Amino acid sequence: MAEQLNNSYIHIENLSKSFGFNKVLDGINLQFEKGDIVALFGPNGAGKTTLIRILSTIIKGDEGSISISGFDIKNEVQNIRNELGLLSHENFLYQNLTVSENLIFFAKLYKIKNHEESISKKLNSIGIYSKRNELVRNLSSGMKQRVSVVRTLIHDPNIVLLDEPFVGLDIEGCEYLLQILSDLKKENKTIIVTTHDLKLGLHECNKVIVISNGKIRLNESIENIDVSCFEGTYKSLIANRIIP
Amino acid sequence: MNTLTTILWKDIINELRTKEILLSMAAFSIVLVVIFNFSLVISKDNIGYLVPSLLWISIIFVGTLGLSRTFAIEKENSAIIGILLCPVDRSMIYLSKVISNFLYVFITQIILLFLFLVLFNINLNGELGLLLIVMILGAIGFSSLGTLFSTMAINTKLRELLLPLVLFPILIPLIINAVKATSIIFNGGGYTELSPYLKIIICFDIIFLVTSALVYEFVVEES
Amino acid sequence: MKLILYFITIISMLIATYAALIYAPKETIMGDIQRIFYFHMGTVWVATIAFVIVFVASILYLINGKKKWDVLAYSSAEIGVLFITLTIITGSIWAKPVWGTWWTWDPQLTTTFILWILYIVYLIIRSSSGFDEKKAKYSAVFAIIAFIDLPLVYISARVMRGISPVVFGPGGGGIEPKMLNALLITLVSFTLLFILLLIERVKIENLKYKINKLIYMENN
């Protein structure tokens, strides 16, 4: 039964999800420990985003069970939401509200006490404190991304999910994001990053997972992997028989 | 409870910043009244029968305009997903949207009522209080189902086109009772005459507020 | 098994036809045109149970997400639309010679008409939403709201207008026994007909799903 195996921090068992006839996830089994930094690779349509969305509780799987930090995703979902944060390429912000107003809004929804102080601190640490009274619509996209990161981390989640975070970023943006990942790693957070860019994903992670056509093709620690096959494109992964 | 006030506060600030919803609803109301003025002959005899219908038809058309917009704001940048990620009860999201929509509809009702009373020279004989009660009860029913269906409509291919199609047939019992009640007030009737219609409207409001709050989670979470 | 059902249904429909057209006595006031009312009651009955099934299946679908409930709801709705249309037609045919008009807005007819609209909107929602699951969820939500709404429509119309004239009975309260028999036989046979149609329709829907799935697999 699922309970006995459930020592892991994040435990996914036999997860399946279909959209119409398209079986996007097919019997996924995964386990992660606290502090794991996981790179989730896969071509477009492989199921990465769906998996992240199910983990972040915003959509539901069709079959299978998931437990996070001991909580079952079906019955104790509100507890899980306190533990996770999701960063996506959409910034989930309100255009016509200021940076402060947006962050206070989400802080209140997470029931954070003393949110004013906590927000000021966070804004300061990423250097946008001066912009706190600007409307989000007037910010540059780099700024919006930083605000989005603060929003993701506002409740100090133990698990951070990043869905294709490098898409559409310039070099400065990428560097900023890598810095964030590095900081989170130091705080012993559990991180799952999805990406289809093989080169960017590997920097800090300790586990690599490859998913394609809804199935897990590879699930290894980084020591056991020949990093060179990730240097290229998916052709090399296919050549190495990682993806059929 | 806190969730409710937080989301409501956010919606109010948003609207105060842009005023786009209220302005368009006000503009639409004025246009409708002008059209009625020029296309219909309203005399002392038919005021009590024509005006209530026109009033409520205007309310639901202008109201539907507002409904589409209140949830559209959440879809920009997918901010609604930001809310869904938080540990909030989906029914609270529903209730706060109902209250926002109710405020827009009620303000519209006041504007329309004012326009109708002034431009058609209607004398209410001090029955304004009763009329406001009917307005409020109608607005509650309209907002409760309107919030549910506008969330549904915006998540589908047809978007706002689907909303009137789905909403109006369901609202029929509410509208016919509201029109009848308004008509009674215009013709000088009192509480006793009104009471069966008010009872049905109250019933409608309670039943659909509760039912919609319960099923809202199936509609707001994307599949 | 299905063959038996077909057999029984056909036989009972024949018996019902005989009962309505020949066995039942002629109604004193309206004459022979009243006989169409047996079929009218049959179609109303089917439209109503179809509606109830759409409601119950929709709730079950939202609760446990199994596709079969959605298929049941959809199939039942399609059959329901057909029978509601027949109801309106048979009702109108009856109404013209008896009331002198094809239509009137009394509570019964108003509710029937709104039911027809609600069915059609349900089918429109089904054809418009995109992925199967979303379509199914939204139509289930609509079906639940619509089902609760309908009694309110009836009550509202009742409070505002009068009642339909009495259609059965020799002129006074109660129903004459032979008429009652004819009515009951009609109701039973229409129920069998509904069950038969529903079973077939669900089967077709399941086959459609399998075929579409195979086509999808082929192309990918």
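Note that the chains are named A, B and C in the order they appear, and that numbering of residues resets to 1 at the start of each chain.
Please note the rule applied: a contact is a pair of C-beta atoms (placed from the backbone, for glycine too) under 8 Å apart; a residue touches a chain by one contact, two chains touch by 3 or more.
On a predicted model such as this, the values are computed, not experimentally measured, just so you know.
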Most remote chain w.r.t. Chain B, using mean C-alpha positions, is A
Contact-pair count is greater, between A-C and A-B, for A-B
Per CA centroids, the chain at the heart of the structure shown is B
Distance between the CA centroids of chain B and chain C (whole Å) is 32
Averaging C-alpha coordinates per chain, one finds the centres of chain A and chain B separated by a number of Å equal to 40
Separation of the C-alpha centres, chain A versus chain C, in whole Å, is 50
Residue ranges of chain A touching at least 2 other chains are 19
Multi-partner residues in chain C (2 or more other chains touched) are 131, 133
Where chain B touches two or more other chains simultaneously, the residues are 222-223
Residue positions on chain B within touch of chain C in the complex are 145, 148, 152, 155-158, 162, 165-166, 169-170, 172-173, 176-177, 180, 196-197, 200, 203-204, 207-208, 211-212, 215, 218-219, 222-223
Seen from chain A, its contact residues with chain B in the complex are 19, 56-60, 78-79, 81-82, 84-86, 88, 90-97, 101, 105-106, 108-111, 135, 151
So, in the complex, the side of chain C touching chain B is made of residues 62, 114, 117-118, 121, 124-125, 128-131, 133-134, 137-138, 140-142, 144-146, 148-149, 152-153, 155-157, 159-160
So, in the complex, the side of chain A touching chain C is made of residues 19-22, 62
As the complex stands, chain B meets chain A at residues 2-3, 6-7, 10, 13-14, 17-18, 73, 76-79, 81-88, 221-223
